[in-house]
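Each of the next two complexes has chain A plus one more chain, namely chain B in the first and chain C in the second.
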Partner chain A sequence: MLTELAERWDELGPLLFDGTYATLYMVGWSTLFTALFGLPLGVLLYATERGRLLPAPWLRAVLGAIVNIGRSVPFIVLMVAVLTFTRFITGTTIGPTAAIVPLTLGAIPFYARLVETSLREVGRDVIEAAEAMGAGRGTIVAKVLLPEALPGLIAGLTVTVVALVSYSAMAGAIGGGGLGDVAIRFGYQRFDELVLLLCVVLLVVVVQLLQSLGDLAARRLSHR
Partner chain B sequence: MRTYPGAVTGGIAVLALLAACGAPGDPVDGGGESAGPVTSVDELPDGAQIGVPNDPANLGRSLQLLAGEGLITLDPEVEGSVTEQDIAENPRGIQFVPLEAAQLPRSLQDFDAAIVNGNYAIEAGLNPAEDAIVLESGEDNPYANGLVAQGENADDPRVEQLGALLNTQEVHDFIAETYTNGSVVPAFTPTGPAADVQPLDDPGEPLRVGVSPVPHGEILGYVDSELAADAGLDLEIIEFSDYVQPNLQLADGELDANFFQHRPYLAEFLAGQGEGEDFQYLTDVHVEPLGLYVYGG
Partner chain C sequence: MDPYLPPVARHVREREPLIDVQNLTKVYDLGRGRTVQALDGVDLHVPQGQVFGILGRSGAGKSTLLRCVNLLERPTSGSVRVDGQDMTALRGAALRRARRGIGMIHQHFALLSSRTVAGNVAFPLEVMGTPRAQRARRVAELLDVVGLGDRGGSYPAQLSGGQKQRVGIARALAAGPKVLLSDEATSALDPETTGSILDLLRRLNRELGLTVLLITHEMGVIKRVCDSAAVMHDGRFLESGPLPELLAAPDSRLADALFPLPTVDLPGVVTLSYAERATEPVLSALTREFDVDVNILAGTVETVAGAPYGRLKVQLTGERTAEALEYLRARGLAVRTAGDPLAADGAEPTGEGA
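Coming up: the complex of A and B.
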């Protein structure tokens, strides 16, 4: 196997390198945008619940429904369904940059739910203490809720990143490339077991690294 | 109360830095604008982006079609379906972007041109006969799709019966009337009306046939609903959104026959299996001529 790899390196090296890079590119950007939009959405889901900071059951019902719809659409369908929006944002419907749009849209509701769950873990006593000190809603969110829930938020983001790695395997349908696409097109469809194996190994390495990084960050932040 | 540790902002910065290194393989709009609508391959700008199907059965075929137009040359030593890696010369710097075949007509406006299968072209409102700037020939096309069974099953009377029904006048008419403007073309000479097919005495177990949804599944669906009962045949149609499983499932005996591939694809599959499988290609049914299309063309 190693000799085969050495012999075919000129052909496989660029394929795998480009694939890895495209995967990291798509996952990197979509993680950033997911955190940017998913975090406020998660906070809203949490805060609008009855008895929380900003009780608004109707708003929560609407947001919850949107999140549930987003989470139930199969990713490959979502990718095609949002093409017009993708073109509006990126100017095209094809390639890795275009793939960032559906990846982000798919991951936002997922991360928002994880954010909501983490925020629920924050004890009421902490919030009540802040209220007693005269802190406003914004201050409570920014200075109490989010910092208190930070390890959970980071752990949730790590889960989301790993899910994005797996979603990104489908980006090949719109020309996004990436390791998943190389695995499917060159490994699976052409019965090239070496390529299939190498892609899987690289994906495992990527996921391991991301997970360790996330775990490390979460652990560091939970030392109070 | 706490403030945010630098690690969080740091992490985000690293992500952004990584992402900001630039898009990998993003199609770059390299070509100059050509004047007026493109009506031939020669009018495509240098560095044009061409969308091609990403499945092995059609990618190689697309590149062969474009090589036939002199746009590229292919490595003569590669056997079977070529990929974008096997392009030997590409003097005009054409960029090939492989996409899911069904996605190509939907993304046509983002390409200078794209290769679209006949069946997808017609569903997207394209007219192969008029709109394609390059179109595969429907006649004597080596990429005819047909019925395939494994060695011993090829003699199964139910498989033979299905083969006979697929080559009747009715199926010929169904294909010609359903897929207009040359999007899907019958690839057989009709043997006669289905009424001439001797019914089977004993249908036995349902015949399990793996198909691609369009047009194979539709053609077989027509046979199932209109012709099979009179011919004493009981069909079970299993649709696959994948081009590998129908052959693997046939090899495993989970299917009695499949109808999704053309001869060159089957030959390549068999070559890849080594001493492997004893598959029989039984009968040609149809061709989906590939065409090169431009947006608004």
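Coming up: the complex of A and C.
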């Protein structure tokens, strides 16, 4: 098999390189935007619960419903359903850049729930202590909730990144490219077992690296 | 002395207690028309510079009361004044500012695990907007005060329970409060550590003039540090006042709780309590002058608030018992005969604790 790889390297090398690059490109940007929007949404979900910082049961019900809908729509359907929005944002509906939009939209509700769960882990007594010291809501979120939950927030983001890697395989459906796309078109549909195998191996390596990186960061930041 | 803590306030109107709670009630709405009355008309007056302890079982309402003082809980009715300020009238930024004058320490320490010891102590200063350089200086001073001068760079997870509570105390003092609220601050600690934390509170009380309001279910805490105390049950104070006065009362629940004597079911049994004087000469006088036999069944003597305090259970027999009891009362002893026991409502606090 290695000899076959060596023989076909000129053909496969660029294919796999481009695929890996496209995967990392899509996952990287959508992770950034997911964190940017998912974190505040998660904080809002947490804070609007009864007995928390900003009790607003009505708002929470609405946000919760949106998040649940977002999470229950299959990604492949979501991708097609938001095409108009994608064109509005990126000016195109095909290619890796276009894929970032549905990937982000799909991951935001997922990450927001993970953020909410991590924030709930922060002890009520710590928040109450901050209140007793005269801290306002903004201070409590910025200086108590987020720093205390940081290891959990990082771990949640790692789970999200890994989910994004697997979602990104579907981005091939709109010409997004990436390793998943290469595996399906060049490996599965052309019965090219070597390409299929190499794509899977590369995906495993990418996921392993991302997960290890996330674990390391979470461990470094945890002082419990 | 600590330059940031206010000097024992000369400007405070002499008579007004630093913490003044009047007729406080708190009703929790559990929904579906069910309610729980956590506080049922509590009056609490804590003079400047005192250590005041509230003793009661869990569920007695102690914690709610404490949290009403800095308005973590908003009372249903009644008034809360701290240092002359009506806390219940405050909201938003004004309330947050007032809270900075009231330190609080917690049963489970409530330290930020993501911050170092120094970072935790700096937190209230950051909230107040103290400049960085001043903050660092202040943190170093506070850590010295609580005996953790060399642990500023450690994380709370690396400290023992007692050390964590010292950090909690340093943090509570950072903003220079006049009042310290202690929410079962020693309940998670072993007896020895409890003692050292209580001694620290006592020292801060004496040296800085810090007024302390603490709640506890442990008798030992009341005995060791409190000037005044209250016994709480079902959202009400059963008794409250300076410790020696409370203990000297013949029907003191606090005395029963602090110094339990075995139940003796014999005729003519009398419980005597005395403070700041010895009884033996009095008892022998009884025998001589009233011709009664005195049989000591049980007794205890301890030091409370720096003065000796004792309780005796004795059996008196003889013709002139009534006269003898009158004599004892005249000598300033608290006398309770078997005929007038405490209201048997199970209200005595628990006997556990150091």
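Just so it is clear, the second predicted complex is superposed on the first by the 223 of 224 C-alpha atoms of A that agree within 3 Å, B and C clash if a C-alpha of one lies under 4 Å from a C-alpha of the other, contacts with A are read in each partner's own complex, and residues count from 1 in each chain.
The working rule: a residue touches a chain if its C-beta (ideal position, glycine included) is under 8 Å from a C-beta of that chain, and two chains touch if they have at least 3 such contacts.
What you see is a predicted model; the values in this text were computed from it and never measured.
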Which superposed partner A:Ile89 touches (first chain B, second chain C, both, neither): neither
More chain A residues in contact - chain B or chain C: B
Which of chain B and chain C A:Gly123 touches, first, second, both or neither: second
Check whether A:Val144 is in contact with chain B, with chain C, with both or with neither, and answer first, second, both or neither. both
Chain B versus chain C as contact partner of A:Gln189, first or second or both or neither: first
By the touch definition at the top of the document, which applies to A:Thr97: first (chain B), second (chain C), both, or neither? first
With the two complexes superposed on chain A, say which partner A:Ala173 touches: chain B (first), chain C (second), both, or neither. first
I'd like to know which partner A:Ala81 touches here: chain B for first, chain C for second, both or neither. neither
Considering only the touch criterion stated at the top, classify A:Ala132 as touching first (chain B), second (chain C), both, or neither. second
Doubly contacted chain A residues - partners chain C and chain B: 130, 143-144, 147-148, 150, 221
Residue ranges of chain A touching chain B (in the complex, touch as defined): 11, 15, 18, 21-22, 24-25, 28-29, 31-32, 35, 80, 83, 87, 92-97, 130, 143-144, 146-148, 150, 154, 172-175, 177, 181, 185-186, 188-191, 213, 217, 220-221
Would you tell me which residues of chain C are touching chain A in their complex? 70, 72, 93, 96-100, 102, 104, 106-108, 110-115, 123-124, 126-128, 155-157, 171, 175, 181
Which residues of chain A touch chain C once you look at their complex with the stated criterion? 123, 125-126, 128-136, 139, 143-144, 147-148, 150, 221, 223-224
Touching residues of chain B toward chain A in the complex: what are they? 1-5, 7-8, 11-12, 15-16, 18-19, 21, 23-27, 51, 54-56, 81, 83, 85, 97-100, 103, 106-107, 110-111, 243-244, 269, 272-273
